[in-house]
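Note that the chains are named A, B, C, D and E in the order they appear, and that numbering of residues resets to 1 at the start of each chain.
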Amino acid sequence: MGLTLHHFLILSAILFSIGLVGALTRRHIIIMLICLEIMLNAANLNLIAFWHFSSNPLLMHGPLFTLFAIAIAATEAALGLALVLAIFRHYKTIDLESIRDLKE
Amino acid sequence: MSPVQTMPPRSYHIGKDDLGADILEVAMGPHHPSTHGVFRMDLKLDGETVVDLKPVFGYLHRNHEKIAEDITYPMSMPFTDRLDYLCGMTNNWAYALSAEKLIEIKVPERAEYIRVIVAELTRLVNHCLLIGFFVNDLGALGTPLLYALREREKILDLFEVLSGARMMVNYIRFGGVRCDPPDGWLKECQRIVDAFPAFLDEYETLLTENEIIIARAQNVGVVTREEAINFSLTGPMLRASGVNYDIRKVDRYGIYDRFDFKVPIGGHGDCYDRFMVRMLEMRQSVKILKQAIRDLPEGEIMGKAPKIFRPAPGEAYGRIEAPKGELGFYLISDGTPIPYRFKVRPPSFVNLTALRHMCLGHKVADAVIILGSIDIVLGEVDR
Amino acid sequence: MSLIGKGILKGMGVTAKNFFQSYYRKERLPTVEYPEEKATINQFSRNFPFLLYDGDDPVDGMRCTACTLCERACPPQCIYIIKDKDENGKAILSPRIFDIDTSVCMSCQLCVEVCPYEAIRMDSAFELSNENRFEGLLLNREELLKPNAYYHEIHPLEARETDDRMAAKAALAEAKKKARQKRARLAAKNKPPPGLKKTPPTRKKPPQREKSE
Amino acid sequence: MIVAFYLLALIAVLGAGLAITLRNVVHAVFSVLLFFSALAGLFLLLLAEFIAAVQVLVYIGSVGILMLFAIMLTTNVVGDPNRPVQSRGWVWGGLAVVALLAGVLLPIISRTGGQSPTPLSDFNPSVKQLGLVLMDPYFASLGVIALLLTAGLIGAVVAATGASEADQAKTVPENRPRFPNN
Amino acid sequence: MNNYFDLKLVELGRWIEAFFAHYPTLKLVVHLLLCTLPLALSFMGAFAFTTWLERKGLARIQNRPGPNRVGLFGLLQPIADGIKMLLKEDIVPERSDKLFHFLAPIMLMIPAMIGVGFLPLGDGLHALPLDSAIIFFFAISSLNTIAVFMAGWSSRNKYSLLGGMRAVAQMISYEIPLVLSAVAVIMMAGSLNAQEVVASQQISSWVGSGNILQEFFGRILGWNVFKPWGFAGFIFFFIAALAEANRSPFDLPEADSEIIAGHLTEYSGFKYAILFMGEYISAFAIAGIGVTLFLGGWNGPVFAGLPWFVLKLFSLFAVMIWIRGTLPRLRVDQLMGYAWKFLFPLAILNIFLAGFYHFLERQWGTAIAMLAGWLFGFGALQLAAIALSRLNQSPTIRSKRVYQLVE
């Protein structure tokens, strides 16, 4: 019973949900960004799994889009952390609970 | 001359910086690998930049001046070797000079020439050692230092043959020198002095144009002319800041007026200038040595010194151009053979006072180099 | 327009030169492998003092007359002399105890300069370490005494000078004694003059640090 | 092959789980790095070598370290023990996600049915094909991604330092005398 | 005679595996062991030898004989050091992060060992023959940044934190020029596979032909170093490799004259030895990749294959030792400025140069391309270097200082 697509889909679903739980429940901004990364990676895993079991893998669609996804995720992480720095410098705390008010 | 942009430090306040990261207090402790001997710097660092610096020394204080008030004048001559243990001869000469001011003793010609030869040899030893330690602080893992030590060994062997010991020479007496150089000594000294410029060229190709040293040492630890004079710096540090003040030219003590030599003057007063000024001074010392050995007269080496050295009451201040700066001895005698007051004016102690001013605003790595460029020897700083 | 890394390359050239020359040029590899090969000690180097004696019997051939000049001239005060007395209390001109604490001595050679009788000289042996910290480095008279032959062996030039000086002094003393005897004989022939008592010039003794017994 | 898959899956789930629950943020980041490397292993399992290499290079090499830098620049790394790790309504969040997982994802997965599980070992996709595909039909998107990356880079720099310049409105006392260049 | 040595080794491998022919799983395990075990052991042996080589080399540069007490010419000195390290007490600071303090040395060894696997040691000798080996190598080598951070962070002391942060910043900023200078080679070789890169570095027309002379030079003149963009790329690659492996002019993290031993301060005993070994083997790995990309991997005139690779590797390492004996250290901000404002733009320019060379070669053949490359290409790089150093006031451009000698 070789590896089938189901294995990978279930795994990426579980990982996605773990990421989502983390994002929703943790109060530390950086941990939230980390969970975001976990969710994105779960999606990548899905993409590659579908490409691997697709009918004509030589078209290279899977790796192509994963490459783009990784590039975007990296930029997003960089920007996210820059914003975290700005928030920390302004509010002197990075606890999500206390950062509520939009204006000063 | 490209404008020297001294890097203005971000902020001088002590305490939290804008990112809220607190100030790091680091004690570059007594036995830190790069402090020359037992010397501590209490640094306050903001990230990498030095915000405050407090030099702490006294670890090597041996109570030299108080002991000197218990023993007779000639008995404290061997103690002067222990002041700046790298150049024993110049310490002896400074003490002898001030003692000879207390009692007028005619120093014979041959002794004067030997004193000049021996002092210039110590200047060579001190300067090439300093450059070795300075580049070692820059990180060059000891290669230039070991070349310097190799040259120093030759000169120390000369001292050993002449005075019996390599560093604790105790060679110069009031009114002359202790013993005559044995016959082979002058030929050997001539050979070493002739071979020295070759070593200096090799040292210069290794160090002066090295881009990394230029990048690390230029515009670091800048001391302007006025600041140098206000801090009463002396010696190569003063001349690197552009002040033309060399005691050999100013006082014309001994027979320095007979030799023609130049005094190198730096333009920027930063670490690189101090390093270059010492390099050029070594070449001038070789020039003096050549002239001194050439016309060394015959004759006896000891003036008519009284058996018991009992000067009339009074005071005297003798100073010479030691390799590190102006080394002075201030003696007050009250008619007995024992000095009433024996005060040493060490050059590296006075130069050290400028350390804090030079290091503020620079990085930790620069603070280490600035300390290296001041050329302190703790025996002299703590006395 | 200089190549960017020219200074660094020239520096590397110097180290390369040193690397290769250290294989064939002696001057580039001056290290001495200490325990196997020893560097020659030059005859002028000095380390710790030792006492000289002529002839073969150390005690009575000793030149030192316990005049304690060197004890007073020693800056760290590390020499300790007690004069010798024979059985009926008359002082003999030689030290019963002559100790040098080599852990205190800083080998400054002042004692050699001061000594009028050429009795103390500087040795150049430097392997002196021993396991006993206190008594080990305190050398008493027996350990300090060394024959004149040993002195000739370690400092040949200096030893010869000292011997010539001693010989000249002895000859001078001989001539003076002969002259005195001649004068005495002459005076004994024509009525002996009253003996004048010559008092040695009194010297104000420099303040003596009290020796801790 | 199955054993490798289950092992890597376990490590991945462990890494992600730990990342959420650990109190010390630095430990959380290290566990996420473990998660990323497990994922790289899975990509290798799926014969997407280049993507595994990029994953290691981008995620573990730079994003991980970016996180560590961000933590270094902001304080309270260990997180004060008295505050609860999760925000207040964490129970409801967890329940919502589980409901989403069971209700929506799993049924869809079960309906897709297995594609033809092509035997794993017959083809080995080389980077050259990816390069060719990247060049001819998708060249425009490559350009767009490049622009996006540069914009992101500049944006991050402005965001991070911009804020600090504003704080430094107060002038820096010019106390070191400018060296008169003689 | 060529790659005779490698074929023999591969045959030996096949012969051993033949014993387990009828247990497929065992055969797989043995195959894996044969790929990795000799590699690991040989590189640990190489590590021991290089510590001796380094101490002897540095000593001879400094006019002293170097270790010669333990064994003949001091050859047993590394073993003596190893035993000493084993016996030394392993002190773990009390408030440190025990788990990560323990993990850091392991985390440093992993990328070093995997990185070494990607090197094409000989014709058939390639531990991890991945299609995208070079990119994987750079990915893995970025792992030891994390290990250095872990070491610096977990020992919870001022100096190691300072050292750790310096090391991380330095490694990140030198990874870019490292990868970019490799990109030029990959672009010209046309593939990421290490074996193909090596194969592309021999003049195939000459190697096939009969006469001895062309055979001899064919395998040398093909190396990338003799091409204009290859030589410039090799210089940038080597400088970045020095920084990546924390070697001499950039050994900021363990700058003993400033912060005691950087992230290694709190390590003692065998953990320190492992960290030390990890550093050396990652330096080996990066030097190996440098040899593969620029110095023609295992190509060599008479006995191509493993001997040539080892010879080039150790000669590159000898140059590292030589540099360590001469050059002083750069300051942190200069080091960063040098990477971002000097090496990075030049590496990009080098890629354009390679493209220009490729186009010329297509049009008018290699001779003209070589000529044009060396004249214009190198001139352009030199001009760019001068412009850049003038831009950020680097030391080389500052006017030479003149010192008056006054009376």
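Heads up, the rule we're going with is that contacts are C-beta pairs under 8 Å (C-beta built on N, C-alpha and C of every residue); 3 or more make two chains touch, one makes a residue touch a chain.
Worth saying up front: this structure is predicted, and the values here are computed from it rather than measured.
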Review point. Central chain, going by Cα centroids?
Key: E
Revision key, fill the gap. Farthest chain from subunit A by C-alpha centroid distance is chain C
Revision key, fill the gap. Taking each chain's centre as the mean of its CA atoms, the one lying farthest from the centre of subunit E is chain C
**Study point:** Of C-E and D-E, pair with higher C-beta contact tally
**Key:** D-E
Exercise for review: Between subunit A and subunit C, tell me the centre distance in angstrom, where each centre is the average of that chain's C-alpha atoms.
Suggested key: 86
Check your understanding: How far is the middle of subunit C from the middle of subunit D, if each middle is the mean of its Cα atoms, in Å?
Key -> 81
Exercise for review: Please work out the Cα centroid separation of subunit A and subunit B, and write it as a whole number of Å.
Suggested key: 64
Check your understanding: So what's the Cα centroid distance for subunit B and subunit E, whole Å?
Key -> 44
**Study point:** Interface hub residues of subunit D, defined as touching at least two other chains
**Key:** 50, 54, 62, 69, 73, 164, 167
Check your understanding: subunit E: which residues touch two or more other chains?
Key -> 61-64, 325-327, 396
Check your understanding: Which subunit C residues reach two or more other chains?
Key -> 4, 6-8, 11, 14-15, 18, 30
Check your understanding: Where on subunit B does subunit E make contact in their complex?
Key -> 1-2, 5, 24, 26, 33-34, 48, 135-143, 146-147, 150, 206, 210-216, 218, 244, 249, 262-268, 272-273, 276-277, 280, 284, 363-366, 368
Point to revise | Residues of subunit B defined as touching subunit C within the complex | key: 70-72, 74-79, 143, 147, 150, 153, 157, 160-165, 168, 170, 178, 182, 202, 205-212, 214, 308, 337-338
Review point. Inside the complex, what are the residues of subunit D that reach subunit E?
Key: 26-27, 30, 33, 49-50, 52-54, 56-57, 60-62, 64-65, 68-69, 72, 124, 126-128
Exercise for review: Spell out the residues on subunit C that touch subunit B in their complex, using ranges where they run on.
Suggested key: 4-8, 10-11, 13-15, 17-18, 30, 42, 44-46, 73-75, 106-110, 113, 122, 157, 203, 206-207, 209
Exercise for review: Using the touch rule from the top, collect the residues of subunit E that touch subunit D in their complex.
Suggested key: 100, 130-132, 135-136, 138-140, 142-143, 145-146, 149-150, 153, 165, 168, 172, 175, 191-192
